[in-house]
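Each of the next two complexes has chain A plus one other chain: chain B in the first, chain C in the second.
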Partner chain A sequence: MSDASVAAKGQGASWLILPGIVWMALFMVVPIAMICYVSFWTQTTFNISSTPTLASWKQFFASDTYTGALWTTVRIWLIVLATTFIIGYPTALFVGLFVKSKTLSTVLLVICVIPFWTSFLIRVLAWRPMLGKEGAINIILMKLHIISQPIEVLLFTELSVIIGMSQIYCVFMVGPIAFMLGRIDRNIIEAARDLGAGFGRIFWKIIFPLSLPGVVVGAIFVSVMVLGEFATSGALSGRKVNLLGNIIVTQVGSLKWAMASVTGVILTVVMGLVIAAFLRIVDLKQEL
Partner chain B sequence: MTTQTAIFRIDGVTKSYGGVKALDAVTLEAGVNEYLSLLGPSGSGKTTLLRVIAGFEVPDSGRVFFQGRDITNLPAHERGIGFVFQNFALFPHLTVRQNVAFGMAHGAVPVSAQDTAQRTQAVIDMVGLKGMEDRGVDQISGGQRQRVALARTLVMQPKLVLLDEPLGALDANLRGRMRNELRAIRERMGVTFLHVTGSETEALAMGDSVVVLDRGRIIQRGAPDDIYSHPASPDVAHFLNRFNLFDGTLAGGSFTGAFGTVGVTNATRAPRDVYAIRYDRLRVVPVSAAPTGPALKATYIANEYLGSSVMNFFETADGKVVEVEHHLSLGAPETYEPRQDYLLTWSPDQAIVFGREGK
Partner chain C sequence: MESRVLKPILAVYVVAFILFLYGPFFVLTILSFQQGPDGGPQFPITEWSTYWYQQIFGLTPPSRIAPLPVGEALIRSLILAFMTMVTSTVLGVMSAQAFRRKFRGSSFVFYLIVLGMMVPGVLTGLGTSLLANNVFGITRHWYTTAFATHVAYTFPFAFLVMLAILNRFDGSVEEAAWSLGVTPWKTFRKVTFPLIFPGVLSAMLFAFTLSLDEFPRSLFAAGGTEDQTLPLAIYGTFAVEIHPNIFAFGVLTTLFSFALLSVYGILMGMSVRRARKLAMQEEIA
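After this line comes the complex of A and B, so read on.
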């Protein structure tokens, strides 16, 4: 085949990406640019004008409410990331590596996904009768005489938000890790055993490094979803926990477009940094 | 061979998977500094046998001894037996050097960093991978990966190395070269190799001694030339892939088959009556000829050029394919007419006969 025909073919093929580019341009690039632009608009109580100003940005960083929301978001993100990893990795290890039958491991993964058959809101709200002062957990613990007073910290606190989010997002950690673990050649593990390595060494030197791309993909899934969260914190914290997502919802609700945009830009930047940091850990190109 | 000189011995080992016996009371031992090749068709239990010796599988019954010690219940990582996998099973995220050093860095017996570096370099040089130390294992060729797998095992200085079809993943050219290298490396290291293969040429070429395994049982053990010239049973003759086997009846010192009745001077005892004649012992003559020995009428189908010989395929009246090998060193091959009948003849004293009447 001559170079010219290769080039022609390449050109022909490049049209395939056009719908994607148009779609992404219209519904992602333009809105992001718009958010950045609007964040510099002048906001008065009942009006907004396109006169450029840094007022909203200054207000964001001067207010404890807003910076507090930023730190709460980062803190809850890190805690949920840790809990989903701590709960998810052993689960994935069991499903992906120790279950020898492919059928059984698929069944187990499907079981992990069953909660997703109901709506997001139901999954979140279902925690209320579980965690409440007269909820299932307190009743059971009291019946068993483990506690004499109901634990009040379970609901409408940061803890309840963390419990709720960990449950909802754990499966996004389990899935990619189990997939990577399932791809490890069993002979490699046997080879390591044959060379005299015990399970601990095999785990840290072979299994964990090989599952790392799965961990990174899972962590990116969880991070993106947790950082943008507002529903779980809204439903389970009794409005005591304000995440950046909640700020945006409130500001949009009261037509404070400029402040909502500032928060949106900050949230987007945080997510971008987090994803970039994760991608530095492993070279995903090699794995796909 | 006594237990004292045997490096390993397995004693009546049986292993079943879901009711199917992969190993059926197998007893086998190998001496120090010996190259033992284990030949068997797929499903004969040869890989299971290796896995039992390595400790990846626990036998249902029977014992495994290594250097005079019962290791039946010892976990794999405490056995000190090397294992080379068919697909090499290299650690994909580590470099050549890290792969080779793995056993010393993370094994049961601690080795100092200096010793590790020294031994790693020595074995890398020995297998001819100098200059490749820092490459990833996906950046080297199949033959080089094979060498890494070997180096990784040999650097641990095992007294016994199990090789599970180690050449199976290589192309033919490389396979030939690696055969010689495997033998040379083994002789230099003075270790015992137990080499499992499904290829009869590999088994005969490599082993000081060949063990033939079928349906979980050892059916013959001996020197390669001994097995080749005196297969113990029709099954062994079949696995060697060098014999035309004819069913028939052995009675009163003569064998009756598709080729008529032929006198038999020497028969080997076997549960069924089979007449075996090596591919290169057959001669092809025109139908009009009247050969002195036994003769079998067959139709010529096709031939296959093998480089140093030509394999001719004939079909008998009852649909059986008979192979006739002509070595080119004996002169140019004759050409035969497709779909034409010929007579295949041989000298009866070159046949190997099995039967219930045999000795």
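After this line comes the complex of A and C, so read on.
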């Protein structure tokens, strides 16, 4: 009834959607197609010409720096995915399932979101005085006599990149998981308990499977952001950890547009594979 | 039972988690009160002072540490965020409005739009600058190319917010207006828009804050130093030695964000109160 009359009055629907489509096509689809195209261009010292060549692609796979960046990206992505999940899941469990009051769980989620009101780059930078040789963590540990020498591996290493990214992105895990946990029908858990199931069994048989769509959404958020990262790795590793994003930035900085494009295409492919794999685990459309 | 043991453990864990989230910011805030201009960006605090805050506002005598180049960058960022906010909210409302009716290819269009929030900024930024340089031969600026990529990023958020609002929207009020002979545009302005206004506010807030803090897209798609937005200016200080002035600036921007959030909260509260008042009047009538 409502649909029919909306349809009758809404002849404008096609022109309403058109600007959005055009904008996304022009400023997202075409740019990415352009990256693919330029990756086959010929690079001279300061310029590129559209003569097709595979030179940049060969150069990428022949160089340890570039292939190394690919593996570093994959490794850091997997580690950060694991840490954000391990750090985030218990919090989500508490917020989504254990907290009975709706107000308290909202307050807790807001508390988790507040740090996002600080600029991303400042949040990255804030880890430097935390992790440094004379940083807060070392000072506290030394005051407590847990260590006698400052730990130096904390800053300007791969570890500092992982710590920083875990903190910055773990909230993206907490939110979706807590949302899915909050939707679980408590009667199912009660029924299982009445039938004599322990918490471990209830968790693995009921709670975890039902929270899985949230885990997948969270994992997609985290993956997309970590794979495209370059600022955190640059600022916290002292340029020692090079991700694909860092390669793109430095290549553009030295006007090597073709190589930056090759790296961009590889990043796009990795990203596509990762998202496709996650969507295979859970059919989001069915779950949400 | 087990949950009686588990719940306190998890509660303690959540406290630790919140400390982990806030720890760096606490340290940053403490260090922003470091003595200046000789105090470094680390412990111990040689002397508490507000020197670095004064320096940001140009209240200190010149010293060997240059003030942050943030003044003009901040204005550029605010203008850019405003432009992005208006454009992506308009696009978001239009597209979500179109989605109230099933049309052919709607699920394809849905994914096309939502992809915008997924694609990393490095990729859209790089692609857009390649297009600008090699196809169109135009110079990149914060208000042209960077603006376009910002909208391609924030528009999906506005779209999703509006979609969620319009999904719960009761179309019968519009039908009532149409059946009384009100034109569709006037119906939208007088009936639909006031009802979806809280959603519009949220969409605007999303777009504004995302654009204000957007960094990778600007890095590629904005031009040279005369085109620096705020995040680019902050990024510029990464390469050279960092001083507590960047910490003081971080504290100030966070306070600014809170002010923005409060304004949003007040506007939201006002619109909810007005809606409640209207509902009550109707009941009395």
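Definition applied: the second predicted complex is superposed on the first by the 271 of 288 C-alpha atoms of A that agree within 3 Å, B and C clash if a C-alpha of one lies under 4 Å from a C-alpha of the other, contacts with A are read in each partner's own complex, and residues count from 1 in each chain.
Just so we're on the same page, contacts are C-beta pairs under 8 Å (C-beta built on N, C-alpha and C of every residue); 3 or more make two chains touch, one makes a residue touch a chain.
These figures come from a predicted structure and were not determined experimentally.
Superposition of the two complexes onto chain A shows chain B and chain C fitting side by side, with no clash.
In the superposition on chain A, A:198 makes contact with both chain B and chain C. Of the two partner chains placed by superposition, only chain C is touched by A:28; chain B is not. Contacts of A:185 after superposition: chain B is touched, whereas chain C is not reached.
Chain A is touched at more residues by one of its partners, and among chain B and chain C that partner is C. Using the contact criterion defined above for the overlaid structures, shared-chain residue A:230 touches chain C, although it does not reach chain B.
Look at A:52: by the touch rule set out above, it reaches neither chain B nor chain C. Contacts of A:209 after superposition: chain B is touched, whereas chain C is not reached. Taken over all C-alpha pairs, chain B and chain C come no nearer than 7 Å in the superposed arrangement. Common to the chain B and chain C interfaces on chain A are residues 193, 198. Across the interface of their complex, chain B is touched by residues 185, 187-188, 190-198, 201-202, 205-206, 209-210 of chain A. Per the touch definition, chain C reaches chain A in the complex via residues 1-3, 6-7, 10-11, 13-14, 17-18, 20-25, 27-28, 31, 41-43, 91-92, 94-95, 97-101, 103, 109, 112-113, 115-116, 118-124, 126-131, 133-135, 148-149, 151-152, 155, 159, 171-172, 174-175, 178, 184, 209, 213, 215-216, 219-220, 230-231, 234-235, 238, 242, 246-247, 249-250, 253-254, 257-258, 261.
Chain A contributes residues 2-3, 5-7, 9-10, 12-14, 16-17, 19-21, 23-35, 38, 48, 50, 87, 90-91, 93-95, 98, 108, 111-112, 115, 117-123, 125-130, 132, 134-136, 139, 167, 170-171, 193, 198-199, 220, 224-225, 227-228, 230-231, 234-235, 245, 248-249, 252, 257, 260-261, 264, 267-268, 271, 275 to its touches with chain C in the complex.
Chain B contributes residues 54-56, 75-83, 85, 87, 89-93, 102-103, 106-109, 152-153, 156 to its touches with chain A in the complex.
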